[in-house]
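We just call them A, B, C and D in the order they show up, numbering each chain from 1.
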């Protein structure tokens, strides 16, 4: 069992008369993740509408703010009970057996143009042993053929750009891995998290994009950019790709400051609350 | 009230030992559309799994076929009770008031890269009177700035390609219109239908892609390519863009023939079943 | 007659054992532009190879530098004798009459994908009166449909991106205008210059990309981004697009500082040396 | 010594009042290739302007045709005296030593976006032994990672598309190889030829796009798609990429038929005229 405390501070200056915000910063409540405590505070203290999407468990906040400053502070303590499975037991599920609600995760999406990568995916990974090993090989391919380079890409960069330019940040690694998986008929989606365990030399704590793939009847988490300790990855939101889960979608003329984020592991060995540690096992999120 | 009979004949030759198919050809059952009768026949008569997605009402068929030939024949009689609204009464819904399940239709998707068209959309349409009139102006813009040209595009063509190349078929018109609407914070989605009323000189009856936009609390149908009579447009599937609603998603090595399609209006004036006619009103699908 | 003094200071730190540089910063010597005086100084004082391309008059410098710092300082006084023509007299030259050495400027190039803009160009500008008026209309179109926004694009941005995203800097305006001209069979090329007359509020003096089009047997200069006074535009290099005329092409691991540039008009009314002034006439560079 | 006879038949129907054509079908006259005899015949017998570009040796034909039919028939006997060099002796020329007229072949071009492939090229080929062996490894990479698939691409397809989609025809293989070479600072260009020696099962004799790279002071020919016998490759035109050397550039509304092409080797052992044979040596074109 892992327990994480995290804090997200967002700051905006609204230039128009009003602006609308959709925030996705709250920890998801899932079968393997529970929110022990949390506090949301807006300054000024304007009304917030909250909605949890039934399929994704994404907890969206909607706010309309008037001209001036808006600060959003969210703090939570979250418990994660990742199930660690032997990766050798995990198989790819044939299309004929996939649940219907999983099938949409085979389709291409804004940043994951899997339809254009069929030949590439088949040539590189088509002959491999199917299952978790193949998925992990895709993750390793990305790490060996790409350079992690801060600020090398932007919010328009897609998996195709990344396959060509071979540089990017966590979301670019995630999009490329997702696109390759889907091209091989392996359902894949993105999740937003925090980069627990990242090297502080790479910059301050930040949001983090990771991948979930569907194997053996459930979703398994991988971190293709390899910057974090996967067992320390909580779930904020999940979707087809980054277009579905921005931490803030903003409608109106707004100046944004860089988010300030903290994350730490809380331990309590007596209660079985341990530090997130590296593992060779597959990390189930269901 | 409109009553349509349609027939879809699909023919495949499976080259691999098996192949999987996901078909989306059955008429949706919605508040405004009912299926009076229908028949699905596969040759050979292999098992079919059917599933209706609760949000979209899409009725998916899943089939696993062995090597050899597969024919799918679907015939249905469908009644549509489009509500015709005065377009002047239809307003755009502010983001703050959009239902949460409509919000995902503001995000960019595989073929509708609205995130890259913000400046374009604002410059061309930002100053217009908001509401149905603006949506209709987008539709007219597409028709005036694009050329309908069969076979000029392919299944990889997206709204960005279309904005540059200014040629395309129905799905390209639809993707461009959807992307522009989303760039203006107007929820928009694609629907698959049949091109009832199309000029036979343009080719045989075919599937048809159209647009639905969310205004005044509901979805309204527009045909940006203008090839059909909109009141004769039944709904098969709906989704973010063409990636969500292929009439056939095929997994395996398969040779496909061109679909054969028929559609006709059945009338019964005594029962109030009329011919689909052109209308200046807005066509509600909810 | 215009006389300009300009200074370019470039600074590099070579990280590898050696690095190669190709500089294109010297003023071209053309029928309408002469170099009154110039001085090139490298620190350290390493050898430079100089070459003038016969077709373009581009004066390239080649340098191989060892690890450490390299500074390049170029200063020149240039006289420009632009011929100002009545634009009404300038006609488009039919392909059948174009000089063979002008024909390559009809082909698409790295940043000017004119081949994908045929339909767009024909629809927007196909029906216009041909000649300078049409070329000027293209320039005005760019200014009315695009936003000049510093740092909105990068060195990979092409005319297609710009047609979609409608933002950019001088080189993006130039690439889009060139692509449209070529799509209409009007030869067009890029020239590098300095932004004489630019609003200091937009930033320090900088290199500037402008367009030359071939009309009535010669090349005419236009500034599609409109940031400078065109009569004050000297010629450094010319080519198909920005790929041909970087002020510095660098081979090796090098850290670059932002160039420092000065440009000023020197006047001597007694000698007929005037200030660059706005003009309604067409500016010939041949 | 190789002697080839070839025939090109082109047929058009001009729909507009007139149309302009630029043809590049005549055999180049170079240091290693001479035209023994040739005949050009237009039907109707309208005037042709001929021009040979001094740098490329490309021999362009310009024709203006009135409404109606136009047939172009060109037949030639060409002698090629390829010099075959030991590939081990061929080295890459440092940028500092490249002739100035070769330097432009390092720049990206319309279909060879080498600027976006730097990281990819360095990762795949950066650590290899430099020289012909590295160039040949790039050629082999293309053949091992791509599928030759007729009609899979079109005239808008560029090296980036090919790197993503991994399918294409000869010009796509050529563009990708050129882009990778340039990304590694190896000058590379395209040449147009005929597919001598191609498997007739792949279709009728056709134009063929191949690559020339600059090594050890000269240009060497490679056929990345591997469909022909390289010693039987005559030179028609050469340029940065396919944008420079279309066999026919057409200005006006014209219907084109598929070109009809013949090529055969003429042998005369007594005179040292041999059949084109496979070789392990490097084929020099200078």
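Heads up, the rule we're going with is that a contact is a pair of C-beta atoms (placed from the backbone, for glycine too) under 8 Å apart; a residue touches a chain by one contact, two chains touch by 3 or more.
If you want to know which protein each chain is, UniProt gives these names: A, B, C, D = Transglutaminase-like putative cysteine protease.
Computed from a prediction, not measured in an experiment: that's the story for all the values here.
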Work out which chains are contact partners of both subunit A and subunit B.
none
Taking a step as a move to a touching chain, how many steps at least join subunit B to subunit D?
2
Go ahead and note the Å separation of the Cα centroids belonging to subunit C and subunit D.
31
Please tell me the distance, in whole Å, between the geometric centres of subunit A and subunit C computed from their C-alpha atoms.
44
Note: subunit D sits from subunit A at a C-alpha centroid distance in Å of 47
Which subunit C residues touch at least two other chains?
116
Which of the residues in subunit C come into contact with subunit D in the complex?
20, 22, 51, 53, 60, 62, 64, 94-96, 100-101, 103-104, 106-110, 112-113, 115-116, 155-156, 185, 243-244, 249, 251
Looking at the complex, which residues from subunit D come into contact with subunit A?
116-117, 119-120, 123, 145-147, 160, 163-167
